[in-house]
Amino acid sequence: MTLTGAEVAQHNSKDSCWVIVHGKAYDVTEFLPEHPGGQKIILKYAGKDATEEFEPIHPPDTLDKYLDPSKHLGPVNMATVAIEEKVETAEDIEKREAVALRPALAEMYNLLDFEAVAKRVMKRTAWAYYSSAADDEITMRENHAAFQRIWFRPKILVDVEKVDFSTTMLGTKVSMPFYVTATALGKLGHPEGEVLLTRASRKHDVIQMIPTLASCSFDEIMDAAEGDQVQWLQLYVNKDRDITRKIVEHAERRGCKGLFITVDAPQLGRREKDMRTKFTDDGADVQSGSTTDNSQGAARAISSFIDPALSWADIPWFQSITKMPILLKGVQRVEDVIKAVEAGVQGVVLSNHGGRQLEFARSAIEVLAETMPVLREMGLEDKIEIYVDGGVRRATDILKALCLGAKGVGIGRPFLYAMSAYGFEGVDRAMALLRDELEMNMRLIGCTSVEELNPSLLDVRSLGAHGNGVPKDVLSAAVYDQLRNPPQRSKL
Amino acid sequence: MTLTGAEVAQHNSKDSCWVIVHGKAYDVTEFLPEHPGGQKIILKYAGKDATEEFEPIHPPDTLDKYLDPSKHLGPVNMATVAIEEKVETAEDIEKREAVALRPALAEMYNLLDFEAVAKRVMKRTAWAYYSSAADDEITMRENHAAFQRIWFRPKILVDVEKVDFSTTMLGTKVSMPFYVTATALGKLGHPEGEVLLTRASRKHDVIQMIPTLASCSFDEIMDAAEGDQVQWLQLYVNKDRDITRKIVEHAERRGCKGLFITVDAPQLGRREKDMRTKFTDDGADVQSGSTTDNSQGAARAISSFIDPALSWADIPWFQSITKMPILLKGVQRVEDVIKAVEAGVQGVVLSNHGGRQLEFARSAIEVLAETMPVLREMGLEDKIEIYVDGGVRRATDILKALCLGAKGVGIGRPFLYAMSAYGFEGVDRAMALLRDELEMNMRLIGCTSVEELNPSLLDVRSLGAHGNGVPKDVLSAAVYDQLRNPPQRSKL
Amino acid sequence: MTLTGAEVAQHNSKDSCWVIVHGKAYDVTEFLPEHPGGQKIILKYAGKDATEEFEPIHPPDTLDKYLDPSKHLGPVNMATVAIEEKVETAEDIEKREAVALRPALAEMYNLLDFEAVAKRVMKRTAWAYYSSAADDEITMRENHAAFQRIWFRPKILVDVEKVDFSTTMLGTKVSMPFYVTATALGKLGHPEGEVLLTRASRKHDVIQMIPTLASCSFDEIMDAAEGDQVQWLQLYVNKDRDITRKIVEHAERRGCKGLFITVDAPQLGRREKDMRTKFTDDGADVQSGSTTDNSQGAARAISSFIDPALSWADIPWFQSITKMPILLKGVQRVEDVIKAVEAGVQGVVLSNHGGRQLEFARSAIEVLAETMPVLREMGLEDKIEIYVDGGVRRATDILKALCLGAKGVGIGRPFLYAMSAYGFEGVDRAMALLRDELEMNMRLIGCTSVEELNPSLLDVRSLGAHGNGVPKDVLSAAVYDQLRNPPQRSKL
Amino acid sequence: MTLTGAEVAQHNSKDSCWVIVHGKAYDVTEFLPEHPGGQKIILKYAGKDATEEFEPIHPPDTLDKYLDPSKHLGPVNMATVAIEEKVETAEDIEKREAVALRPALAEMYNLLDFEAVAKRVMKRTAWAYYSSAADDEITMRENHAAFQRIWFRPKILVDVEKVDFSTTMLGTKVSMPFYVTATALGKLGHPEGEVLLTRASRKHDVIQMIPTLASCSFDEIMDAAEGDQVQWLQLYVNKDRDITRKIVEHAERRGCKGLFITVDAPQLGRREKDMRTKFTDDGADVQSGSTTDNSQGAARAISSFIDPALSWADIPWFQSITKMPILLKGVQRVEDVIKAVEAGVQGVVLSNHGGRQLEFARSAIEVLAETMPVLREMGLEDKIEIYVDGGVRRATDILKALCLGAKGVGIGRPFLYAMSAYGFEGVDRAMALLRDELEMNMRLIGCTSVEELNPSLLDVRSLGAHGNGVPKDVLSAAVYDQLRNPPQRSKL
């Protein structure tokens, strides 16, 4: 039986709360207090069509997974649903104009340029979700800053007419030594979401890692691939291992070539910029000091299923359910790299999750510099593939990682920003810019192939220097009440 | 015999100066030149009711202690005292509006947020007293900055479903590894003063250290505790040891569980921001260069009784008068920690007094990193409990201290700011935020209990780097007359 | 047969594109897609006289070299060419006024002052070409910053009445220990171009290195020399070695005294500031993401002939075609200095090309500090002359390089800026200022001759410190969205 | 015969130039080209009374010394000299108001406060002379910054009721461990000049070092001393040793107790801020590039007599002409301290001349930290007294120097600023502030006498860190054209 808009509209309160998503009605009354994103946002759509708000931040199968079938009320005759007159807000207008006045794509000369444009044109809440990070966001900025503490010792008079920066990752030949790493909620930046990145990866012959928390469904993203295009799967491990098993088996069946188990996020981080952007002052004043989790931003809202109990003891089980190479994403100390070798996994991604999890987790590049000499000392450097991600913005960053021993680097936010600013063409150009920079910089350091990259091409003596807590601690600086010399007396 | 307001009002000059405090009159004529806060402030209230000014910055028993009984003139019929029409000053209005427009409490996401609000809503002089520090306030800022030179080496794949960050301090079980450290003059921030902190400590099951220079009386603060709530006593040692003995014996009798003798303040520091805020230009011009102590801020005004002669030789005496554990608060070098072990005290607090005493005293966290390896080398690490305070603003700061070997950390100003901004609810939320951060960060570093925290989880190589005197030297930068390239000629 | 302006003017489109340069017409229709600077700029002058645009950024023999003789259409009767009414643009007016209001030359007290004036008076595109550098321009700024990490250990009580800072370079006696290094496109800064530098070098008795990419022809620059004035040749090696051979043989015949083969530029760098300045938004919107090379600034436009295959194997060939001393310009690691000794060349210039090539190539002064101890250890320090360039702005910079073991330093941009700001008199004064500074600082460090300069006069312990990626990463800082404390509620 | 104003007024040109100074006329026509300060300034007063301009920047005996007696034209009847109507300039008015609105003296809480006021009230040229330093003024700022790289390791539980920071210098008992070091041209800051400092030194029982380039005459300054007040003499050694001998013998006869020979100024430094302030654009345009010395500020104008040939060989001669202790002022490396011991002098002042001479000369405090361990190793630490100056602004600076082994510190500019801002009372208060700070900080580091100060009270590990050329390079930063992301298109 098809419901009418009027019927749904009656259930518009805390006591009886129905919402419409993709033409179907759901009774979420009992679910309200459990909603990871808080009740408030749902109540805003009580009795109404919530599709537009729901879509980008929920994986497509969310309702099936989390809402009991008995609460699925069935299809709604959408013609009977009152269309809410959409009033353009001041922000809407500002953003519409910002899009219209974007610089020409040809003016994008580096990856940071896309970030500048994305900041201008993206919806404020979407920007906050992508750009935010843990606590004071020092770690996020350190990720890029750390590369700048590494300087080159380039070779000269090498015939570099032909330079080849293709390489292999887990046996797959790729045209450039980076991959598109997994990032959540692609539709916040562009209506097409992750499949857009699939197409760009195809065009530039690099690997895409599919995120668990994608806006597109896993199959949509796999379907978007063409020919022998290779994709990997990033996995948040569910408390319910059966669900996890199904995901893994399905991925393998669909042809995924690598399983990247996220190990740095037993709990998703607090990101205050994101929380602050989402905060809505509903007039309620000071009341419940200890209820701190009223608004935790998009990140936590979508991640409550992640299993904090995941441990080394689970690895054999993963090895038993799949033949895909298994890699641990988010390793942060050399001791755990050695453990990974002992556990028999095929690789690790040194990563601090783009600075979004533990504040003051060291940059991947610094952990890499700590790791490789130990592995070489132990003769383990070929037993495992090491990847790094976080803060990569320039081809020089990529080359530094490879000189230190990385097989490749993951790049995430920059492609999201390029996509948010200019869609497919943005990502396309971003990759083309990296290709240009790679070619030039391979020549300038005097290497013709990835094999020639080695630590002697770098000066890393300052890499470990974290003097005086730079990147700057913005909030502390803001609240500090600066000393002043005595002012002149006032004239009167 | 009860005095009338008119009688008191006649004694309104330097030659005969009476004031009313809490309904009683006092003859302070002879006391004027001895007043640690200077005569000026008293003379402002000569012949009038000074209660409102007197209250927050004097311990309740001040008059009994410091003014000869012969000068206690007895009760005043307050109905006969002319009520001063209170004219709202520009600052009063600004602050009243600032309070009205405070952000919602739910928008407070970290401890620095409270500081930002406190700066807006507090009376300027009160803010100056809480926020000021020694000389150029470099040490105060270094206290927090030092934590940011420590980076984590987190473990992954540890089952962190359940994390437990409770611990014990001097045998008391606490729910979180911090305590509310002693800070003076709580009523400057909130009319309830320190008892508000007592209640919040109770709610969150942490220990409160009662300050000697509290605005509430010691007994008021003890009385505010409930059940088996544990409190400690911070002690400034009086020149008159009899007074000190009475305080200590009284505290023990009332059930205090620890005696923290302040050892970093033989003389209370000069805090120029505080002094500058209190300065009142009374029209007098340049005259007496060498009389520098005309205005020393609130700090010195209340502290003239502190004994600068206190020394190691006094420790046995303290041990003889109390069975409470004795701890030295303000130790600043490993040599003195070892001395403390030899002296048989139960613990030390590494501290530079929040940067309010000796400018360029190192941060507690840096002294801790120097201390623990030496103690371990000497086999003394279990002979004594080590606490640190200063600059703690994030759970990561707390965890770093515990990894390095601290038993717990003291937090002072942040709770004062939370209290000044939002009262009890503010402190409640501040503690809840720390609890949230602790839980998350325990998980993210891969530890399930306080016992698992250890130095291998940290990279402290940069901790000792004080390059180029950062934090920034604000005054020097302000007075420096920057070089300029030659300007263009003027058009005319 | 002489063409008329009207005839040429008919060929004003992509389909048939003629241009006039120096009174002769050329058919560039087929050349359009090959133009290193892009078609757009040529099409702007289709059918017109392009001399003024062409002149400063093309070596005089460009058309002969790159355009097939069949496309040389012969002389144009310039009287028949319509003179384009030159409309003064807003920038033209601004610059004209800036020139009129320049500070007096006598106000120039140091080399940076010239840069400040040049920035004001130069055409924006010319300024961008001179001042731009690779990627984030961190390397360019590091070049000067590195000198500031070296401090002096001066000697006192040395009779310094007479100080002599003359020295020899490749056997030539020079009055000061620097030379004018090769920089491209001198006419962008001043209509006279490089010959102006020739005259200034003569006046101050220093050597000029003639650039391959000069605006004046090689012979013009040689002809401008007087008496026994010494000049060197900087060489970009052409893919066509025959052209290179002719250049070298011609230079030797004309009396050049040193051949400096550029080895740090197998491909000329991307300089984004330059590219951005040249970008012209022609209304075309987002389209071709992967076509990144549509606008690469002046640098690449003029350099497509450079051979990226140049290698150590080519050195003997150079030695076979000339008796001039051969030096490698752009060496960047001690290993390659040793190779250079083994290859039997007479010297090297440690250089990162003014920060215009590889971003994060270390400064020459840092490479020098790495190199000399190794050479001394190997007994090779006298087998080769070591020069450095990059970032030299003060006599103290020069003296530091000499103390560390350099034979001399090259100075480039500062003389271009002086020339652009004040012509010959500017360069003259710039050199005189250096002379003054050299005299004073030789005295102040207690040395009377260049021979006395040695490493013990320096404290270089901090030279290798690249902590926290300073110089500042401007773009990253700009795109970073700073955290904020919660704002006050809005009043209404 | 007495001249009339009218007679003098006729000689008002380059061809015949007379000036009046202190009521006497002088023919300076032939002297014009030799004037160290340039002709321009003299010609401004040709035919007029130049006393007001002449007075503060020339030692009183200048004319007798430098102008041949034949050019002394004798007394002028001042009643006949036209009094120039003094028109108040915009700067005069601004400064007059600034003086009127100075903060109360009692608001001065530290030495930097005086500098802030002095900058506001001093004549711009006078301020420039006092505040300027060499090249980019990095060294001047480093002098203070270096102290901030030293942190304390204070002792606790020391009986500090009585602290004594008196000490002895060259056998003289002083109340505080600093002296007023020699600074030139005191009357630029205050009409009384150096004698004002004499009186303040007397009041606070510290030693004053009398400068060679004082505005007051040597005898005036000696005469201003009272009782057994001790003074020292700072000496610039004249090319004419006979003049030097007379100065030294006279000083000894007058009772000077120490001879401080300046050894860091064989040539007085270029101070560009000073030069720029003095520059007068007389309409002359670009002309003579190589004439750089047209305006060198006050410093060089007054110092042309200094002998750059002074060397170690001269020391025995000094020892032969005086029994005063001889000290070398401006030593900058440990090797020269050892030489000083061998030469048998009584002491050295480690100093870089307030950063006014050699840019990038290390701070005295850093040289001290290098020196003392070597002296102790060689057993020479008691053979010589070591003083330091430069950058001292806080008592903590003084105590750090003493901990490292200095006998005392010299303070210069801060007293000049205090004097310029508030006259005698300013200097009086400045010294009283230091006394207060010394007392407090002696207590806070746990020392009761100067003898107890020792290196273990300090953490100097970061002292030698000059990373990234901080203090900031202002001019380089100003001329750097920052990169920008592409801007939005313009709306039209």
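Just so it is clear, A, B, C and D label the chains in written order, and each chain counts residues from 1 on its own.
The rule is short, and it goes like this: contacts are C-beta pairs under 8 Å (C-beta built on N, C-alpha and C of every residue); 3 or more make two chains touch, one makes a residue touch a chain.
For reference, the UniProt names are A, B, C, D = L-lactate dehydrogenase (cytochrome).
Computed from a prediction, not measured in an experiment: that's the story for all the values here.
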item	value
Centroid-based (C-alpha) most distant chain relative to subunit C	B
Fitting subunit C to subunit D on CA atoms, where both chains share a sequence, rotation angle to nearest 5 degrees	90
Separation of mean Cα positions, subunit D and subunit B [Å, integer]	42
CA centroid of subunit A to CA centroid of subunit D, Å	59
Centre-of-Cα separation between subunit B and subunit A, whole angstrom	42
Touching two or more other chains - residues of subunit B	102-104, 107, 109, 112-113, 116, 136, 272, 276, 279, 281, 465-468, 475, 478-479, 485-486, 489
Touching residues on subunit B, where the partner in the complex is subunit C	98, 101-104, 107-109, 112-113, 116-117, 120, 467, 485-491
Interfacial residue positions of subunit C with respect to subunit A in the complex	135-136, 138, 263-264, 266-267, 269-270, 272, 275-276, 279, 281, 284-295, 307-315, 328, 330-333, 335-336, 339, 357-362, 464-469, 473, 475-476, 478-486, 489
List of subunit B residues in touch with subunit A within their complex	102-107, 109-110, 112-113, 115-116, 119, 127, 131, 136-137, 141, 144-161, 203, 272-273, 276, 279, 281, 393-394, 396, 400, 422-433, 435-437, 439-441, 443-445, 456, 459, 461-462, 465-468, 470-471, 474-475, 478-479
